[in-house]
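Common to both upcoming complexes is chain A, partnered first by chain B, then by chain C.
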Partner chain A sequence: MIWKEDIECMDSTGLKALQSDYLKKLIPYIYHNCPVYRQKLDAAGVNPDRIKSIDDIKRLPFTTKEDMRDHYPYGLFSAPQDRINEIHVSSGTTGNPTLVGYTKDDLKLWGDVMARVLCCAGAEPGDTIQIAYGYGLFTGGLGFHYGALEMGLRIIPTSAGQTARQLKIMQDFQPRILGCTPSYALYMAEEAKEMGIDPTQGHWKIGVFGAEPWSESMRREIEAAWNMLATDVYGLSEIIGPGVAQECRHKDGLHVFSDVFFPEIIDPQTDEEAPEGQDGELVITTLTKQGIPLIRYRTRDIVSARYEKCRCGRTSPRISKIKGRTDDMIVVRGINVFPSQIEHVLVGIEGTQPQYQIVVDRKAHHLDEVEVLVEVEQRFFSDEIRHLNDLRERIRKEIQNVLSVGVKVTLVEPKTIERSVGKAKRIVDKRTL
Partner chain B sequence: MAKQLTIFVENRAGRLKTITDNLRKSNIDIRAFTIQDRGDYGLLKLIVDKPNDAYLALANLGCACALKDILAISVPDQPGNFHRLTSALAEHNVNVIDAYGFVLQPHNTGVCCMEVDQPQLMKAQEIVAEAGFTVLQDEELYSL
Partner chain C sequence: MKITQISVFLENRKGRLYDVCSLLGANHVNIRALTIAETESFGVLRIVVDKCDAAVKLLRDNGFVANFTDVVAVEVPDTPGGLATVLKIFADNDVNVEYMYGFVEKHSDKALLVFRFEDTDTAQQVLARHSISIVTRQEIEGL
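Right after this comes the complex of A and B.
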């Protein structure tokens, strides 16, 4: 089933007309309601009344994560706060968090695109879905919830964690659909075996997995472990949360809901459009959002895109799985982590530039582990164990507060963190995704 | 007052060797050592004949290390003497952070190296002396 068949299977001329129509309304709306964007558009020499077609999008300036941070909290909003119905906050790169807000219509849009996601994965009306994404400030849980509501599924909002209970609920209520991070799906399979449950006999038949990068080999592992179809969902809170793109049963690229989230693939070096099929940075314009619509938002995710019609009938462009990042962000247990956040904490503790390294590993139990190595420089050094332990504990707690992810802090000798041309290598990702 | 050199050492193969190698090159004689293990790292504590030279040799390498005043107390090697020492300190509410000892065979003398909270150091020295022990000054200790 295709949720919005008229739109999802629209021919390219019709789609382009729709996108053009949206963009023609969007730019004046933003220009007249958001002073920060007005300044940006003026600086770029854009006359909002001269936007005639979606092709004009190339003349518009980019929006970056830094813009969101610099204009925290409300600078990039186009709607007044009394029209905002829900906000979500995620930890920022260095201090200010990232705030997004939804009007009532934005929430309807979210429900609509998430219903498209669930249908695209293979959910049918009458199905039960177990939503094991975190509910709360993280957009995963509620995004799935709104989509399942819109579609009329029976929802079991388990949120993340409490694995034994998740498995009991699966056995008792037999949900056919599961939403969670891919690493959690694998972790639950391990736990099931420990508890004497055979995961291949599990009830989940379709998984909608996202919020962290994962590979084809991980897909095969999940599908074999649970005897299910594992599909990939893409999204980011700045755009809407989950609901930007989703794989259909052919698992041949993620369908971008391009009538509302217009994708471009650019060469991050030149900022020019990347040749079709080539890897580049995904840039998205939210064509219909009201609360905090974004123009040409740089996702920093590297993907490639294809534009031919899919066997499922959908005509929307398809993006590959995320192939990398243009910045040093890593995703740990579905949470975005920037090295600069850790640096910020360490600078706060000792007042100068520290040497540190982040090691991310996914051990046998499939959950990510973060270890932060901190060099014990002369200035850090206390010759008493208890002071070193206090220091380590303080670093651990403060990093954990900022990241909302548990970390292990290990003190290491000075100059043992690998440096290349004087610059320390900040992230070692040992995960085989 | 006697000086102890404390060095931060990661708990993995070869780390101690790097340190001993540099001490050897600087012709440092080690009188006593102890290691406090904390799982992924440890603290190596050394009594050496030339503490300042040893400190500079290691600090120049970038080692995290520190020189610290400690009490080096001469304790005759007989039953009950260590107890006498700890009793004297306990009576005056002096906390011992870390301690280790070694015995010099020809003299039948034990040396107890003691770290106490720095503000209590001078007081501890007086207490120990009053209890009849000899606190070794650095030259005495290094020339043993």
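Right after this comes the complex of A and C.
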């Protein structure tokens, strides 16, 4: 089943006309309602009345994560706050967090694209879905919730965590669709086996997994562990949350809902359009959002895109799984982690900045593990183990507070952290994605 | 009189203790007493040597984190109850020992005990009051 068949299977001429129509309305709307964007557009020499077609998008300036932070909280909003119905906040580095806000229509849009996601994955009205994404300021839980509501699924809103309870609920209510991060799916399968439950014996049909990068081999593992079809969902809170793109049963690229989220693939070095099929940074314009519409938002996710029609009938462009990041941000258990956050904590504790390295690994139990190596310095070395352990514990607690992710802190000898041209390598990602 | 212990940070990695010892050996630094306190990922090597200033410089120059720590070395008879006698004095006088380690000397009937106190000065006064002989820096250097 295709949720919005008329749009999702539209021919390219029709789609282009629709996108052009949206863009023609969007730019003047933003220009007249958002002073920050007005300045940006003026600086780029864009006359909003001269935007006639989606092709004109290339003349528009980019929007970056920094723009969102610099203009925190409301600078990039085009709608007044009394029209905002819901806000979501994601953690920042050392500065401001990222705030997004949805008008009533934006929430409707979110429900619509998430219904498309669930349908694209293979859900049918009447199915039961267990939503084990976190509910709260994180967009995962509520995004799935709105989509499932729109589609008419029976929702079990377990949120993330409390694994034993999740498993009991699965057994009692026999959901056919599971939504959670891929690492949590594998973790739950392991836990199930420990508890003597055979995860392959459920009523599973489909899993819709996202919020962190994952690999084809992980997909095979999840499919075998749960006896279900494992599909990938893509999204980011700046654009809408989950609901930007989704794999169909052919698992051959993620369908971007390009009538509302217009994708471009650019070379992050030159900012020019990347040749078709080549890897580049995904840039998205929200064509119909009202609360905080974004023009050419730099996602920093590296993907490639294809434009031919899919076997499922959808004509929308398809993006690959995320192949990397343009900056050194890493995603751990669905949470963005920046080296600068850890640097900040260490500076706060030690006064100056010791050498450190973040090692991310996905061990036997499938959950991402973060280890922070900190080089011991003369200044804070003590002959007493107790003092060193206290220091380690303090660093661990403070990092954990900032990241909302559990970390292990290991004190290492000076000069043991790998350096390239004098600069320490800050992140070692050992996960096989 | 206080003597100086050298504390060295060591990761739990193969060969690290050897690296320290061979470095000191090659530079004619003699280790008088040694102990290692360990955790699952790192350890602290504590040593008393004959040339402590030179040893610390050497270690630091070779990339080790090494600090001086004030400790008190006491000689007790190498007989049953020798250590207990000293510990009783500390207990009776409310002197808190952070850690200690022992060391048997050649060519003598004495055992060398190295103490790290919470309050080194008070501990020394207590020892003096009870006529417990404290090993001097000169003695350590010339042992």
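What we mean here is this: the second predicted complex is superposed on the first by the 430 of 433 C-alpha atoms of A that agree within 3 Å, B and C clash if a C-alpha of one lies under 4 Å from a C-alpha of the other, contacts with A are read in each partner's own complex, and residues count from 1 in each chain.
Operating definition for what follows: a contact is a pair of C-beta atoms (placed from the backbone, for glycine too) under 8 Å apart; a residue touches a chain by one contact, two chains touch by 3 or more.
Note that this is a predicted model, so its numbers are computed, not measured.
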item	value
Superposed partners chain B and chain C on chain A - clash or fit	clash
Contacts of A:N401 with chain B and chain C, given as first, second, both or neither	neither
Touching partner for A:L411 - first (chain B), second (chain C), both, neither	both
Touching partner for A:V376 - first (chain B), second (chain C), both, neither	both
Contacts of A:E384 with chain B and chain C, given as first, second, both or neither	both
Which of chain B and chain C A:S53 touches, first, second, both or neither	neither
Chain B and chain C contact sites that coincide on chain A, given as residue numbers	376-378, 381-385, 388-389, 410-416
Residue numbers on chain B that touch chain A, as the complex places them	6, 8-10, 15, 36, 38, 40-41, 43, 59, 62-66, 68, 97-98, 115
Chain A-touching residues of chain C, taken from the complex the two chains share	5, 7, 9-11, 16, 37-39, 41-42, 44, 46, 60, 63-67, 69, 98-99, 116
Chain B-facing residues of chain A, complex	376-378, 380-386, 388-389, 410-416
Residue ranges of chain A in contact with chain C within the complex	376-378, 381-385, 388-389, 410-416
